[in-house]
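Before any comments, here is the structure.
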């Protein structure tokens, strides 16, 4: 006869209670800030801006989730995004390929770049963060060289997207972000790939003992992550009109907000599924920066100090209780 | 004559110089439960893991249902109807139980792109129903389940593939009494269907109660295999640990001999989940053995003594009247500690012998302005290397390439070359060949004669009995008994207290 | 067990081989311009900061950690140092403040990594962001100029002497103190160090302090070179320093393979590489591309060699092993 195992507190119910509590706190924080900013934070105009600003960090973080969970800390994503963004812009502006060029260009560029970067780590024995740094230098350089060359012929150093901007407008951009979240959540929580990836990331040797192919899972997940990030690139490109090239690892600053989001999601790991954690983290980060802007804190300086501090704090929070070796 | 389910013929396995299994011959029939008995390190788990494809064998053959069987992975084994529940917990904590149960087997549940969780739940429930196992919540992360629940889930996971041969490695120690009853009922049901179970367990009473046959492993060899009812408890214990004790291998005296002066005083030492309220003294010139079963907490006690983790209670070094609170206090109070796992916790494998030998002595060797004279460090390394007869091509010889015995010599000599008051050793002769073993014992005898206080934690009862003045036995993280060399060192007494 | 004794230990000679290789390639490619007296002076001048910062980063790298805040500490130290000098009217204040900033940054980073268990890469990245923002804030519309009496520091002879002095001190610390041994030991097997009674947390923090301190010293010389501050100073500098370490074959996971002489060869190698590329007329983009490929190649080569020589796996496996040991202690067996 089967017996029901009863526990002192139903774990599922307790988890749900904590989840609701955290969301309530975040919403409360928004309301408080609304008053601090003199009623501007949640005003309709600003709300549209805020929701638009949530999308890029959120989508990139969701993509990062597929790459980082397998153990690959690949920070060349920022440089890849810049490259993909410029490829897409060039296909639209110079080659007149319209939306097809925009979408296919970004997606393909991103997949190729990410798989190259992942291969360095998986097949060449280079630790993932070093491979990411090297790849970032390479991708940044490629973008700089190409755009530089284009400048000689076309006159402008930065590639501006002037057509096909519909995907960057509100509410389309936000709807796309939600759709991306839904797909990411689905893959992460309802498909074999998602389960295998999480098993490899969290299970030590258990995953391989159960017959999961580590290399195949990591590469496939990296490709999925790349596709997701490329969608973020498309929408962001459409919204801001350009992806400025950078050099000397400057591309890292482009994904810094997303890193903060992923770290926040990590510190919420016991409460929320990673995908949901990314959404909440994105709102926290975007909200924070929106408030800072409204309060007159300048970007590039004050805001980045806050960003650095937020990443540090999130890092500390997500490492609480970690007893192993941390290099 | 019952039909043969699994035949093991001439199987051997070595890990470097250590012979884990030697020429194993065993036949398991259908519908029986065979228990594998043996001390720690006797080769039980190695044999079990080879049968299930987790490790490869060096030589010999397996036959399943009369056909040759050579698994290269657990999936191979599953395809032949063999499943295992491992000793270490084999779940992915951040995934829900239902996913854990079907990891690597999800292909047949694919519904389009997604995985059909409902079907997985149905099949999982069916397994729980069929074998009358208590239901475990499967839609929460496995890490939130209790150890018992995880073990039951692992059992269910093994049963998903509908195996006709099941290996259970130390499963009952995770289960409470009532769940053990459930387990026994399950075993009966399994056997009734003509299926076979190979069970590895430390619980000798349980083994005698429920097993049909028992095979005893000792030093990698099967020394006895017969019907359980033909064993007496005494005989079982004797077969497990009895071996020739050659006179001057260990000590040749039978009396406790040590000075009155207490060197190390342990009071009420408690580390959560590892040892509870342990108190004892170690005297000058004494070898204190510490023994217990694998989950008794003896190994954790060793590192707890010098403050590697936060502890309650106090450990006081009487010679300098200092309390051991942090690992740094070990060196300051002229102590030494050798961990059981020398590769992970003791040695820098990819560095040279010289670099390894000097590490514990750097504080003493440092002169003014922290100057560490290369002449002095080299001299120390050479002294240690020669005094302990480390066979190598020089001080730059990479430690990874040494034999197990020589590695242990490096591990040991880097401490013993110092001027020490007390030494804590955990399994000092583990994975070491006979020649080096004898050498290490002679070194310990000498240290004892020089008045050092020695704590020797050991999985080998013969070793503990051979070398110690007193033996402290631990059971379930608590103090069980203190035995004296004068009268209590017999196998029977030891096993009685340990089990 | 017989072992093949390698007469020719490639690991020891690699930095020298690569140095000579780059030297030859670019001498030829630039038609000898690389080696004319003016350019050699150029290379020397550019190497000073890299060598100084590299000596500090060596401590962190030997432990298997990372410090990518080096560039921004250069900027931070330079800019606040000059501010202080200007405000107080005393040039010595410049040196003092710079050094203090380097030490402070190192303390913070070391604390977060050692005590709070945040990955050193993430932590130094976060600090880099925050400090860069502060530098931008301070330098956005103001530039500071070097007080006249400090120009003496830019003289090659003076620079050379100070550099040699610092190198000697670092070599002393590296080879002749237990700090150096512990730092490498932590890179080899952090858990074993802990078991042997070494105060690992303290050593880690000290290593980051060294890194920050020497980054600040590099900052002092950078400011001296520039004659003041500019708003991109230090940008990308940490990459140059890291490449100097890796191109010379210092393993990513640290340990006994980390040696001072390797950096002393690696720094001029990387400077020659960049200098050579510029002399060849290649633009900044191509230079960076080559740098990225060289970084990947160097690390790949080092880890493949390590794999063959010592049967070590990747950094991940290294840490994984240490994690397993830690977990065993934590879980207490079964």
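All chains are identified by letter, namely A, B and C, in their written order; residue positions are counted from 1 within each chain.
By definition in this document, a contact is a pair of C-beta atoms (placed from the backbone, for glycine too) under 8 Å apart; a residue touches a chain by one contact, two chains touch by 3 or more.
On a predicted model such as this, the values are computed, not experimentally measured, just so you know.
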- Task: Average the CA atoms of each chain to get its centre, and name the chain whose centre is farthest from that of subunit A.
- Result: B
- Task: Looking only at C-beta pairs in contact, point me to the busier pair out of A-B and A-C.
- Result: A-C
- Item | Length of the line joining the C-alpha centres of subunit A and subunit B, rounded to whole Å | 44
- Item | Whole-Å separation of chain centres (CA-atom averages), subunit A against subunit C | 30
- Multi-partner residues of subunit C (each touching 2 or more other chains): 191, 322, 324, 330
- Message: With touch defined as at the start, can you tell me which subunit B residues reach subunit C in the complex?
- Response: 87-88, 170, 173, 273-274, 294-295, 297, 299-300, 303, 306, 308-309, 326-331, 337, 339, 341, 344-352, 355, 358-360, 362-363, 365-366, 370-374, 393, 397-398, 400-403
- Task: Sort out for me which residues of subunit C touch subunit A in the complex.
- Result: 63-66, 68, 112-113, 116-123, 125-134, 136-137, 140, 190-191, 235-236, 239, 242, 246, 252-253, 283-289, 291-293, 295-296, 299-300, 303-304, 307, 314-316, 319-320, 322-324, 326-327, 330
- Using the touch definition up top, name the residues of subunit A that touch subunit C in the complex. 71, 73, 120, 124-131, 133-142, 144-145, 148, 204, 247-250, 252-253, 256, 259, 263, 298, 300-305, 307-309, 311-312, 315-316, 319, 322-327
- Task: Provide the residue numbers of subunit B that touch subunit A in the complex, in ascending order.
- Result: 54, 73-75, 90-95, 99, 103-107, 110, 113-115, 117, 128-129, 132-137, 139-140, 144, 149
- Item | Parts of subunit C lying in touch with subunit B, wherever the complex brings them together | 1, 3, 5, 175-179, 181-182, 184-185, 188-189, 191-199, 255-256, 310-312, 321-322, 324-325, 328-330, 332-334
